Amino acid sequence: MVKANVKISRDEFFRVRGEVLATWPTGAAVASLDEGIRRQQALPAHKQFARAMSEARRKGQTLLQPRAGVALVEDHVRLLNYLATEGEADLLPTTIDAYTRQNRYDEAANGIKRSEEAGTSLLNGFPAVNHGLDACRRVVESVDKPVQVRHGTPDARLLAEITLSAGFSSYEGGGISYNIPYTKRVPLAKSIRDWQYVDRLVGLYGEAGVTINREPFGPLTGTLVPPCISHAVGIIEGLLALEQGVRSLTLGYGQTGNMMQDVAAMISLRELADDYFRRDGHEDFELTTVFHQWMGGFPEDESKAFAVISLGAAVAVLSRADKVIVKTPHEAMGIPTKEANARGLRATRQMVNMLTGQKMGDDSAALRREVDMIKAEVRCLLEKTRELGGGDWAVGAAAAFESGVLDVPFAPSIYNRGRLLPVRDDEGFVRIYQPGNAPFTPEILAYHAARLAERSRTEGRSLSFQMVTDDIYAISKGKLIGRPM
Amino acid sequence: MVKANVKISRDEFFRVRGEVLATWPTGAAVASLDEGIRRQQALPAHKQFARAMSEARRKGQTLLQPRAGVALVEDHVRLLNYLATEGEADLLPTTIDAYTRQNRYDEAANGIKRSEEAGTSLLNGFPAVNHGLDACRRVVESVDKPVQVRHGTPDARLLAEITLSAGFSSYEGGGISYNIPYTKRVPLAKSIRDWQYVDRLVGLYGEAGVTINREPFGPLTGTLVPPCISHAVGIIEGLLALEQGVRSLTLGYGQTGNMMQDVAAMISLRELADDYFRRDGHEDFELTTVFHQWMGGFPEDESKAFAVISLGAAVAVLSRADKVIVKTPHEAMGIPTKEANARGLRATRQMVNMLTGQKMGDDSAALRREVDMIKAEVRCLLEKTRELGGGDWAVGAAAAFESGVLDVPFAPSIYNRGRLLPVRDDEGFVRIYQPGNAPFTPEILAYHAARLAERSRTEGRSLSFQMVTDDIYAISKGKLIGRPM
Amino acid sequence: MDKKRATIVLGVIGSDCHSVGNKILELYFAKRGFHVVNLGVMVPQDEFIDAAIETGARAILVSSLYGHGEIDCAGFRERCVERGLEKVVLYVGGNLVVGKTEPEIIVDKFRKMGYDRVFLPGCNLGEAAELLRQDLGITEPLDPE
Amino acid sequence: MDKKRATIVLGVIGSDCHSVGNKILELYFAKRGFHVVNLGVMVPQDEFIDAAIETGARAILVSSLYGHGEIDCAGFRERCVERGLEKVVLYVGGNLVVGKTEPEIIVDKFRKMGYDRVFLPGCNLGEAAELLRQDLGITEPLDPE
């Protein structure tokens, strides 16, 4: 069996690097890694992402971060500054457009051109590769907060080279989480390999004393993902990243809407990740967490959207997330205007401020039971993955998806089995309805089945795909659970 | 000692009734109590307030009710219907204007006239007495939900006669809760007496088989009121009402913003009230509860207001309130437009729907400790009140306020001592900073002092009125606790 | 410091019971060195004027929160003049009209009614006190917050 | 019932990965009696057309969620005609443009591009299926939901 989860050698890295930088003309400008390192070293403390995350954790704060990106540089700078001032954001994003995510830089170029003509953004994000180093530097230098690249790119090597060189100090994504939910035909082995490159790049910055924060994408498809699945993926991506020299890791989780499940998920994520990382011999890392406000379909009505946003904000604090990713009242409709984006942030800010320091149910036995249940589930998935990989997480991950040991609900990738089906139980916990090939113990499956039977009974109907569909629509239609009328 | 908490005799009631109806020309139209009873009997089931409350309790639902009232009848009807359809309200209000609340019907008449001229409401509510029976019937008949009178009237006898006769099926207020926070110079003995009249009127409807719902006003001044104080007042008003024959009682509580305190408050309110009512020999009553979204100063920013509204909605459900009174994003600024009112309702609806059936921390020991603490506090206040009244709650209540045993923070009434001062502790619980003459045990005071000492330590400043002021402003400035910058 | 201890009359006009802001205003202006005569809530126009005459107050600070401000505050300036308080400084503040309204419209409306300055709910009390100092021609600085 | 089992091609256009609505649409239209060829996400224009030609589909249902609809969907009608699908019924739906936009503007824009019907995210699938039945000239009623 090939060993895949090994640190990429310097030689190999720089060999590949030449190829990567050559894939688009703007790559040439970042040829010197040292210049990038110097720019990172020159970043003032308050613009360093890893430092902000670490301080938040130390002080027990929950930092606020929006998503935002538009086609043109000056508009993007204006947008970010607006979100910092009017939105009271603590951390800034640069969300990348969907062409760039697929390395379709020619289409991104067309999008830029058409946006210039239209005088408004026709792209759903900031095409950082096309704009290149100087424009990215302009972004980082024009704002006064740490900035992160947020995207969904299976091969994000060139994007990383350019943005990190420009001074972005955090980079979202991972070889699984930016493949399975975001693409159709990219083999996992390839995206994992390409993300090892990104992590190795971050590791090289690290060797020069620059800590770049890395954040695997927790929510996956954002749609009824049982916590154990996203935790398993996040922990594997964490292990892969640590191997390449990443030190500042933020693991994420997307809200399901049941408060207890969400709090339990955040607790178990922290505990499990710490455990798995140490068990594999990693010591020198800083683990923080991010909670994503509801990632599934939103209600169109903006007042209702505010309630969804507010619940996410509340649970972020109650679950002691170090960061919360904020949605907007425009979510169901389209990319938010800067005003709508700031409105989501301000609602979140108010909730976060009101609840900071509050404890609700921390000593609950029911909560602890859910924590233990999630942990047991994740262990089933991860132990089998480890086994499939003969101890190698990269090999194991690819094999696990191939066999359906890991299976992300509703994902577009052909490399995802798509046989596991989730559904909500009678209290709204997302449970396993059909496990597909996921290797849960009979006890775990019995627990899920028992909870789901309660719902069947309440609704007087049996479990079915109709119920799953009803649950997918539920929050957008004003409920948590998709019950029949 | 006079016995005051006794059922008003029929004879006395009807003697006084003559005087009451004569205080304004519109009184004449409701001279026949039987006609009112017939109209109430003719109300379809889904428009009966007591029934709606009782069903909500049985089904574990939290019903939504806005506040709303404008000067002119047709506008008011339009407003209520809008709140039912666009706002998805379960229960409708008719909020009475402030002149009517002070029985200044001539000024209300002027307000109606000026509103007609201006083509918009210049009154802060619906002047039901001036409009009289037929207009009130029109209101009840034009909507398809139960309607309640919500006001703040120390002498609400004529208002009750007219509105109940017209088919309003719930009546808010009480001799203490609609005096102390709402007026300056009305003696308690007088307002209690006048409210006994109202309760007796409700009792007479009850004797004819018509259950009118009654709701003491829980939040009092809405400003940092410790739960024990509003509970004591609510329970006394409940006892006074039961004595006069009221059967459907909804006790209320205004959110403080600390989730655990709020949930504990709602649990203790139900348990204590039930206990006190039964101890006094009442058996035949139905007790439900209402949770008021934050009643203090709101943030001006509407997005932030949505977060405050959403937190209130969440806690209403988590605390199993049978009803939630909904604020609006215009709260800080002025009487809401019907659109803004509906927006508050829709945000609340979404939150209520998402959380219904969820349990968060129900089994928490820390929560139970707060429940027990509130109960012990209320018992101190109520036992002393009982003692001061020689077993008579009406006499006791007046004496308790006179001596400062009962003392509502920041109230305008000269019959309220105003020596008790609340302030938030380090987690945002509203605690007793200065008890004034409130007869808490040394243990209770020590508990409060210890919690407050924690805050002192965190903030590095001693307790002071400045801290109280900071707390009054806090939520409107985006925080729960008024900490120095 | 006693020189600047100018007397001011404070109260909430009409049938308005909102007492919280009133208590804060009393404490605040007293702290900054004014001599505050606080009439509390539910104060008729003539009670303000009586108090001002009685105490020789040079300013009247009217609050209205509950929405009837437009009705309650009308004619106050004329009444002051009628009763001999030609020079009294008249401030008004709070949620002055029914409904969320553009600040400019509110300020304009109450300026036209004869109020010297108009304050909205979110106003900065420090600025208000400073303006009052100027309007009363007090030359010493105010007491610290 | 087999008569109305008209073939329709379904897919999410461009670089768009939103797969949830697509899975639901597939199941829904199949349930109502259509024969659905689902191409999944990230489908180029020509792949839609290839599939329609291959399967003899009479309608193409295009989804675009991610905001690039305006760019990705342009010229599709012309391309269909070019490749001999003069009569194919073209539907489009989803979050078709970047940013919250008035429904009329969106519908108008895509109608002008040659789409027969334009659906917004909150649309009722029952109505869409019914319209499709009519547009395809199917006379029998659809299968029940």
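A, B, C and D are the chain letters, set down in written order, and residue numbers restart from 1 in every chain.
Here is the rule we go by: a contact is a pair of C-beta atoms (placed from the backbone, for glycine too) under 8 Å apart; a residue touches a chain by one contact, two chains touch by 3 or more.
Keep in mind it's a predicted model, so treat the numbers as computed, not measured.
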Label-sorted list of chains bordering both subunit A and subunit B is none
Note, CA centroid farthest from subunit A's centroid sits on chain C
Subunit B to subunit D, mean C-alpha position gap in Å, rounds to 54
When centres are defined as mean Cα positions, the distance from subunit B to subunit C in whole Å is 30
Rounded to the nearest Å, the gap between Cα centres of subunit C and subunit D is 66
Multi-chain touching residues of subunit B, meaning two or more other chains, are none
Chain pairs satisfying touch are A-B, A-D, B-C
The subunit B residues in contact with subunit A across the complex are 257-260, 263, 299, 301-304, 306-308, 310-311, 313-314, 342-351, 353-367, 426-428, 475, 478-481
The residues of subunit D that touch subunit A in their complex are 14-20, 22-24, 27, 40-42, 66-68, 70-71, 95, 97-101, 121-122
Counting only contacts in the complex, subunit B reaches subunit C at residues 97-99, 101-102, 104, 107, 110-111, 114, 120-124, 152, 181-185, 221, 223, 296-297, 300, 330, 332-337, 340, 410-412, 465, 469, 472, 476
